[in-house]
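Both complexes below contain chain A, partnered by chain B and then by chain C.
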Partner chain A sequence: MEVLQLIVNGLMAGTILAVPAIGLTAIFAVLRFTNFALASHMTIGAFAGFVANVTFGLPAVAALGFAFVIAGLVGVLSDEFVLKPFRRAGFITTAIGSIALTIALENIVRFIFGNQLRGYDLPILRDWNIHGIRVSPQQVENFVVAVIVMAALFAFLSFTRVGKSMRAVADNPMLAAIKGINANVVARLVSFVAMGLAGLGGMLIGLDTTIDPLIGFKTILQIFAAAVVGGLGSIPGAVVGALVVGVGEELSLLVLTPAYRTAVGFIAILVVLTFRPRGILGQRAY
Partner chain B sequence: MGLLTATGVVAGYGAADEILKGVDLRVEPGEIVGIIGPNGAGKSTLLKAIAGLLKPKAGAIALNNADITGREPRDISRMGLAYVPQEHNIFPSMSVRENLEMGGYVDPKGAKARIDGVLGRFPVLANKRRHAARTLSGGERQMLAMAMALMVEPAVLLLDEPSAGLSPVAAEVLFNAIIQINKEGVSIAMVEQNANEALAISHRAYILVDGKNSRTGPAQALAQDPEIRRIFLGG
Partner chain C sequence: MEHYLVAMGVTAGIYAMMALGMNVIWGKAGLINLGLVGFFAVGAYTSGLLTLRLGWPIPLGIAAGTLVASLVGVLVAMITVRLRGDYLAIVTLGFAETMRIVMSNELWIANGTDGLSGIPGPFRQALGPHLFNLQFLGIVTAATVILFFLVERLVNSPFGRVLRGIRDDEQVVQVAGKNVVTFKIKAFAFGTAALGLAGALYGHFTSFIAPDLFAPLLTLYVKLSLLAGGLGNSIGAVVGAVLVVFFLESTRFIIPLVPGISAVQGAALRELLIAVALLVVLRFYARGLVPESIPQPPLPTAPPEAAVAIERVR
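On to the complex of A and B.
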């Protein structure tokens, strides 16, 4: 029964992890670098949601929308003014630039909100007990939100002209330019959507625990592991990778003390890069 | 003035900015114009310059008497010129149908009807419209690349080695499609490695050597020229 409980916990956590992991992989698919500034955008989303929820008194679900939009807008601006000029210098330079950016943004959040732990304004509900498996209603709500958001994203990429143009740029940027797709517009769109997902993911994680300016920094390794394990650049891969990392971390509790659970991300990256260098689903964008 | 004219085009890449050293090309309405020449002569570079992917350093390019020198690919595409690159000319992870939609991206109005029209022309693609383009055979990919170009109902179609890597049967099917498209009023400029085939289906041809025009004339006359036979046609 304990194993089953851990798997359920892992699937819930993995589904939430998948949201920002999709963001990381989508940016890689279109802009061809790993944007570690995703970490601070998670933090920004979590705090934007905090303001909406605690200061303005909006319900958590509405605050999630706020988290998405604010983190997405900051993502567009930070890419336009900070990271875009780096891109000409190549992958490594841009990735390092994104680390510098994330430290700067995180400290802005710290300057405004301070270092203390904060919690969202949530109704206190008792855990559900389903055949011996315990889940909190908040966890289930977060899970449902994550699934709906991912379904909406897949629909957007599959059925809308804009979504398809984003996939086209990820697939073959030169041909996309020949066909008249504006790469700059697509770059801004992917920054908005991906960092919006990061912000939403940051708040989802915070809803389950507490938030502080390090919330993004503490999870970026898991997210990076999820994206790499699934195949950097592949959106379904990010989902699969996030579930692998989420369940793997929970199951590691059977043999490791909780302090070592983050090692699972590292081990997953090592194992996958050794045996399947392109990740579980390869580098197909979609 | 022809439908498409390039005069004295000088273009290249970065430091090697004079791969083309002043090239002329003209395509009249209704023509198939062949472009042949040795590897590295600058054939693909010429098509890229015309399509707007490379900004010419000197020279002029006009489409339908409008200057298109140095304009963006999407503007040139809107003005009625479609370009099929030599390689990487499809979106591999997108379906055949989605590839066609992207082919007509600049002109989304009436895309549905145009997709049906294009699929009617290429029944193999119609049968695989939901398949990811990466699963197509080499011949089918070239068909798809051409079909995508037709989605903008171009006046001029630029094809870069459409038969490269195809079996003789697949190449035959493709050349027939090209002739058919031309008969329906689309002018075509086509780079071809297979000089025999190129001269057989072209009205006129250009021979490029080392970034310069070498010979030009009616395709039939060039095909019978002893010197050209010796160099390009294997005797």
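On to the complex of A and C.
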């Protein structure tokens, strides 16, 4: 029973983790760099949602929308003015630039909100008990939101013209350019959607616990693990990877103390890179 | 005041050593290491634990710290070196964070978040605090100078030339029959050894290390040192480290002058300033104060007779 409970928890946590992991992998697929600034955009989303929820008194679901939009807008601006010029200078410069950017943005949040832990304004509900498996209604709500967002994203990428052009650029930028797809517009769109997802994910994680300016940086390793395990650059891969990491972290509780949950992600990265660098669903890793 | 300047000098020396190590990894071989603070921590903890718990002599502890950091560097490099650079970025960052988690949680190894205190320093009791710091400034300066010449020797050797080749065009180096993977791993081993050495010295200087000291911000300081001074250049690395320590310390005095902000806001402002400084330098000033000078092979000049012959034809 205990194992079953852990698996349920892991699937719930993994589904939430998948949201920012999709953002990371989408940026990698289209813009071809690992954006470490994802961490601060999760923090920005979590705090934007906090303002909407606690200061303006909106319900959590509406606040999630707010988190998506604000983080997405910051993502477009920061990419346009900070990261885009770096991309021409090569990936080391871009990676270091994105780390510096994430620390800068995180500290802007810290300057405004301070370091203390904060919680969202949520109704207190009793946990449900289904055949001995305990789940909280908030967990279920987060899970459902994450699933709906991902379904919407898949529909957007598969059926809309804009979504298809995003996939085209990811697949073959040269061919996409020949067909008249404006790479700049696609880049901005990807930044918006991906960082929006990061912000949404940041708030979803915060809804489960508490938030502080480090919330993004503390989870970034798990998100990288999810993306790498699934195959960097593959969106379905990010989902699969997130579920693997989520369940793996919970099952690790059988043998390790909770503090090591994050280390599990790192071990997963090492194992995957050693034996199957392109991940479960990725194309290639060199 | 003098006290403060001496401590600043030691910090500058330690940053300079890290910058020199990173210069081999990043500046010469063109490899990324976003978790350099993790290797610094490995050096500090290894030497600290061996001298404190097992009573090893300090020089032996420092040597062990250097060696262990280098071995870990080799492991990290071996896993990712064949893959795209992004993976090395992720793994190094993940390594540093995991190190911090392990050190924060394992009470039995390193006392958790409370950290290790009472790490012995050479003749700390006999000299008293002031003379001890002066002596340590001497030790760190000597170590930096030695490391400086080692790095210079290394990068000007055929080995260094291959590293530059890998940085500038890996395929050409491969075509020339060099084993790129081994060269990359060796560069990483050397660089992380320097990071470990800096960490070990740091621990013996301050006598106290804790997981919080090994935050990602330190990684930015070293990158900033390297960029400000001039990437790929040993003198630049040292000059940059001194500049960065000066800049960091000056923010300590400037921030309290900003009216109406709390301590947390001040700290946030300081970190913001440092991150923005790195972004600005990276964007607009990436060649640094002392740009890398690449020795040019002598160009074949036409011998005088030929020139005369050409002249005649004309």
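Following the convention adopted for this analysis, the second predicted complex is superposed on the first by the 283 of 286 C-alpha atoms of A that agree within 3 Å, B and C clash if a C-alpha of one lies under 4 Å from a C-alpha of the other, contacts with A are read in each partner's own complex, and residues count from 1 in each chain.
As a working rule, contacts are C-beta pairs under 8 Å (C-beta built on N, C-alpha and C of every residue); 3 or more make two chains touch, one makes a residue touch a chain.
Because the structure is a prediction, the values reported are computed rather than measured.
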| item | value |
| --- | --- |
| First (chain B), second (chain C), both or neither touched by A:N184 | neither |
| Greater chain A contact set [chain C / chain B] | C |
| Partner chain in contact with A:F91 - chain B first, chain C second, else both or neither | second |
| Touched partner set for A:L270, first chain B, second chain C, both or neither | second |
| First (chain B), second (chain C), both or neither touched by A:F28 | second |
| Touched partner set for A:V228, first chain B, second chain C, both or neither | second |
| On chain A, positions contacted by chain B and by chain C | 285-286 |
| Interface residues, chain C side, partner chain A - complex | 26, 30, 32, 34, 79-80, 82-87, 89-91, 93-95, 97-98, 101-102, 104-105, 216-217, 219-220, 223, 262, 264-265, 267-269, 271-272, 274-276, 278-279, 282-283, 286 |
| Chain A-facing residues of chain B, complex | 51, 53, 73-74, 77-78, 83, 85, 88-94, 98, 101-103, 105-106, 108, 148 |
| Residues of chain A touching chain B in the complex | 161, 164-165, 167-168, 171-172, 174-182, 284-286 |
| Residues of chain A that touch chain C when the two form their complex | 28, 33-34, 36, 82, 85-86, 89, 91-93, 95-97, 99-101, 103-104, 107-108, 110-111, 114-115, 217, 221, 224-225, 228, 232, 257, 259-260, 262-263, 265-266, 269-270, 273-274, 277, 285-286 |
